[in-house]
């Protein structure tokens, strides 16, 4: 059976939920990722991570949240760039809140937001906080877990892949991590020949709005993907999936009072 | 080149938009469609229709709006059913409004919502109305077209396919139309053996809330899909696509003042 | 005793509600209806239908929702026209939601929205859906019925009145139906000499925004009212009221579980 | 010609607006007014005052805002009372804002809210403030005037009518002023025999929520209407209308820069 | 122990709340008060009144609501003036609603809004109304009291201080009352030499928006503060505090059913 | 002259703004900080940093945003704790948006949010993004800078103060940094004897809602403040202020196109 809710019928879905399947919601974005990666990179990667997690937890992958929060210059190049197509905060909060309430209505009690776009996190948090508070007030035991997958990449893997040249998560947009994962998962959508091998972006310790456009590199990426490889992608997927399965698995199996 | 925005990179996307490509936004739902169709039937069908239209108009298919407005009993069985996962009105309105504004920011001037879930229509309308009013107030010539694909199925095709037994659009949920199209487009996701061959639902001329659950047939479908066929799906796709391409094409090419 | 809530005092009202009177809310619009009908035609007609229904059901007619959702070109000529004065979606949703909650607070358990303006329907639905969900969550048995009165005009009556020349409900704006009803109910507000006898509007199978103004006939009406008559109005009122009383009456008397 | 927008057709309306007619919006409430006055007293009185003003200013009376803000204990008995049917703040603000924008779209440049329910005022103000700010930002010269009619009853008239026994505006709910005006304007809706001749309510200098219900007199009125008379109503209407016409007339004729 | 919540630690705070301490929320504004008073005059005065009340009631003073609703011309000079920095209605409503819910979550059951800026009142009311309704629906006995401190200045004190020259509360903005209180409480922030001794503002009996700027005196104050004195401030603080302590004290000690 | 907007009069304020003074808005929270720090620690620290910055830039410190976003378990212990008093996302977004628009109305063109509560950041960003977009659409050159002060503490200072025992910013809540700064700035509000010397909190790499309360240490702090000192506070204030003045100063002086 497919773990993707989208691909199964309602009767099969209901059975799985009645059996206690946790629901994993991939959250992506439609965002420029340079000339070598497709606009829905964050959707594809959060779906892939969600698929692995669903297999480990006997869960289901919900239809993804496709459009995410505005790209910010220090983590995604900025929302002024063509192709980047974003929602504002209130809309994303409402989506997150509503999905928790809807899956709870179906009978699910463990709901996981698996985030693939940095900027989304706090807004997913607010939506999940509102929904779980409402459910708790009605006496329903429903919990929501929020996680960004890169927080489960460990130091050892970083050292192996970057060989000491890790530029920092803040500039890992369209860089080695995402490109390697895409090479492993969707090679047909990656155009390595188009990678622009520029030095990491130098961005200030603050945000300024409207952004100063000149601070974003011409590629739209914040660091170079030149060192990306399919092997690194495989390793990242394997290790990160393992860590996610272990820790999120423990969380959703833990009794709550 | 792929017509799907999701699969192309930002540089390619910008070039297409700069060249005048209209943007077609498929709008679906995550909704039960009986035991024989997957939960994302409306997403798949609106994407397929959008793909055809994009090819005709040299346009691009935007990432879809995956979650739609609440299923209503008289058109989709009702929003109390497991699997059906819906947004409320304000959220869907915001999504529609924001997407028009974002694509306009990219430089697109013709944006088409291609709807595959009846209940969405008025909320897409409101979002598009707000966005185009704002853009007009700023002096930007951007127009939005809204269309539900079944409004382009003509009487002749209905007669051919239903052989006089057309139950009415109102009960065409999980019925012959959608099942035939799915058989043609995504046969691997259809389980014809699971079709529940029940008589068309008898629903009142009004809505009542909370719904009386007993009014929705056990299948969740409002009419039987037993007469569906791959050939009917092919015919429907071809004829409807042609009509859409002709009329929407004329609209977006027409000069506006 | 008047059936109009507006005209009675609070003590009388409370007694009626305590006795189980359903509340019927007329929903209209302030919208151009050509040169021969007043701007509040939809308010007057929904009030008249509500009055008949209230008499049959021993109910009360609430003060009307006077301003409705934006007029759409394919059903009301468009919201760009002078005189047409409309609310946006969220405001109308809030009004509908609040009225259900307020009448429930008074002790009413059956609330009926009797709609006289096509564009309102989905927004009333959302408001009623929100309110009845909230009430159900608190354990209160309150149901809301939503109905547009023209859905209760039967084929026989259409044949009698239009003599085979029925142009379709979609272009029945300021046409024979509304004008006949007004001739019967409020002849002093109708100026038959001003009717512009134009052919039915030819409108596309989609919406486009901003509207192309030239698609709306100069009259603002979508079909001609030339064939309207007081007798047809009387017949329409009688037959439609009867059908409404029968079906809505059965609904509100039916036990709910 | 009728001064009521509701009763005229769109062509006549457009002509009046093009000729510079100011638009006067009566704002009422659906609120208990004791056993002797109907629930829509505030609607009827604000309409009557608006009608007089429209005649003086060659203006038009818009369709009324029928439902108003929540009744407060110190000015209307409280919103816990049966029959009182109210909107919350955001909804009323939206209505006020939207009406200003709509009438401005029609071409009106002077819009007057004539308020008949104390509690509405600040919310009408916010809506008008938002709308006029938006219009000013677009360079449109549109002004909104806000007025509660009782602010134009002068001391002399109070002395004449109350003979020194004026209990204060704060407890003038369902009292001599409103009852006298209703006796003059709509005697058939007043049941003087039902007046409960209770002493004025003793209410604190603060609000407490939820209200202490025992603080509202059994009648729901805050002072007695026993001294009301048709003659007093005539005098009030005449004097107040005159004062309104003078001062509001001067305001809307004054040049704005 | 400080009565100011801001200055104490969470453990001490929890103990006080568990002991039944009412929470008093000062509500001010950032608003021009002429050349002689600081921009946060309303914050300082509502905090001072709150402090006195907290001491009498063994309560705590919450961190203040610093920014208030838009200044209105007839009570604060208007929101077009430099320095005046205001929130819109929905934001202020949300703040008031949230604070009641948060303090109720901590265990407080008596919450008092002590208002120092006229324009805030109705919006605080709406927020408190929403929150207390929600809490009542959940079965929680929490009440909110709303008070503007000047409503507790009695006639005797007015006569003593103004010696018959009381211009009315409506023009007491930056005038004798506020200036005297500030002279007593924060003399270092008052610059008496800067007082502009202008006649009271002559303002109409209605509001007009956008405001006619020429109606606000050059000082921004609506009456002159020339007669202010430290002694008058002391008297005002003492008398008003006493009256507040008596009446609000009685209210919060009264049993509720 | 005071750099605090709150303490100056409107005339002085206008002059400073007309002279180009940037506005610095301190953003804090009312949040438990263990038994040794007051509830408004974040307000006091962001005000102190703002004061230093204002002196360097000839700017003004606006009245602070006192209440912040919900405390999160991994950065502030969680919003279930008594004393912690928070706003939801939409309210904080509205406050941030409105303040930018208000200061821009006064004539300010450089506005800085100086954040002292981790959880606020993304919501301030959204508010500033909305406001600056609106202003840009109207052609107004206004920029907003967003900064959390701890992002300007450099590695060298960390090493000096923590002597290699830096637990990470994530658990620096009520720890050495905040306590040292408070000892330097407001020693009278710190009760060092109350510090609970517990090991740093062990928190997962994800969030779960509702929180598991047992994960927050009994102190409410995420690391121990035992090593705090007035000297460390002085150093932190000096170094951080210097870095802020340099970088933010350069930003606001830089020409924008």
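First chain written, first letter: the chains are A, B, C, D, E and F, and each begins at residue 1.
Throughout what follows, contacts are C-beta pairs under 8 Å (C-beta built on N, C-alpha and C of every residue); 3 or more make two chains touch, one makes a residue touch a chain.
Note that this is a predicted model, so its numbers are computed, not measured.
Trainee: Which chains make contact with chain A and with chain F at once?
Mentor: none
Trainee: Turning chain C onto chain E with a C-alpha fit: angle in degrees, nearest 5?
Mentor: An angle of 120 degrees brings one copy onto the other.
Trainee: Which chain's centre, taken as the mean of its Cα atoms, is farthest from the centre of chain D?
Mentor: A
Trainee: What's the distance between the Cα centroids of chain D and chain E, rounded to whole Å?
Mentor: Centre separation, chain D to chain E: 28 Å.
Trainee: Using mean C-alpha positions as chain centres, tell me how far chain B is from chain D in Å, no decimals.
Mentor: Computed value for the inter-centroid distance: 47 Å.
Trainee: If I count partner chains per residue in chain E, which residues reach a count of at least 2?
Mentor: In chain E, the residues touching two or more other chains are 88, 90.
Trainee: Quick one: what's the order of chains around the ring if we set off from chain E and go to chain F first?
Mentor: Counting round from chain E, the next being chain F, yields E, F, A, B, C, D.
Trainee: Please name which positions on chain D make contact with chain E in the complex.
Mentor: Per the stated touch rule, the residues are 70, 72, 79, 88-90, 93, 119, 121-123, 125-126, 128-130, 132-133, 136, 143-147, 151-152, 204-210, 212, 247-248, 251, 254, 256.
Trainee: If you look only at chain C, which of its residues touch chain D in the complex?
Mentor: Residue positions touching the partner: 5-11, 13-14, 17, 30, 32-40, 43, 62-67, 81-88, 90-91, 94-95, 98-99, 102-103, 106-107, 189, 191, 194, 220.
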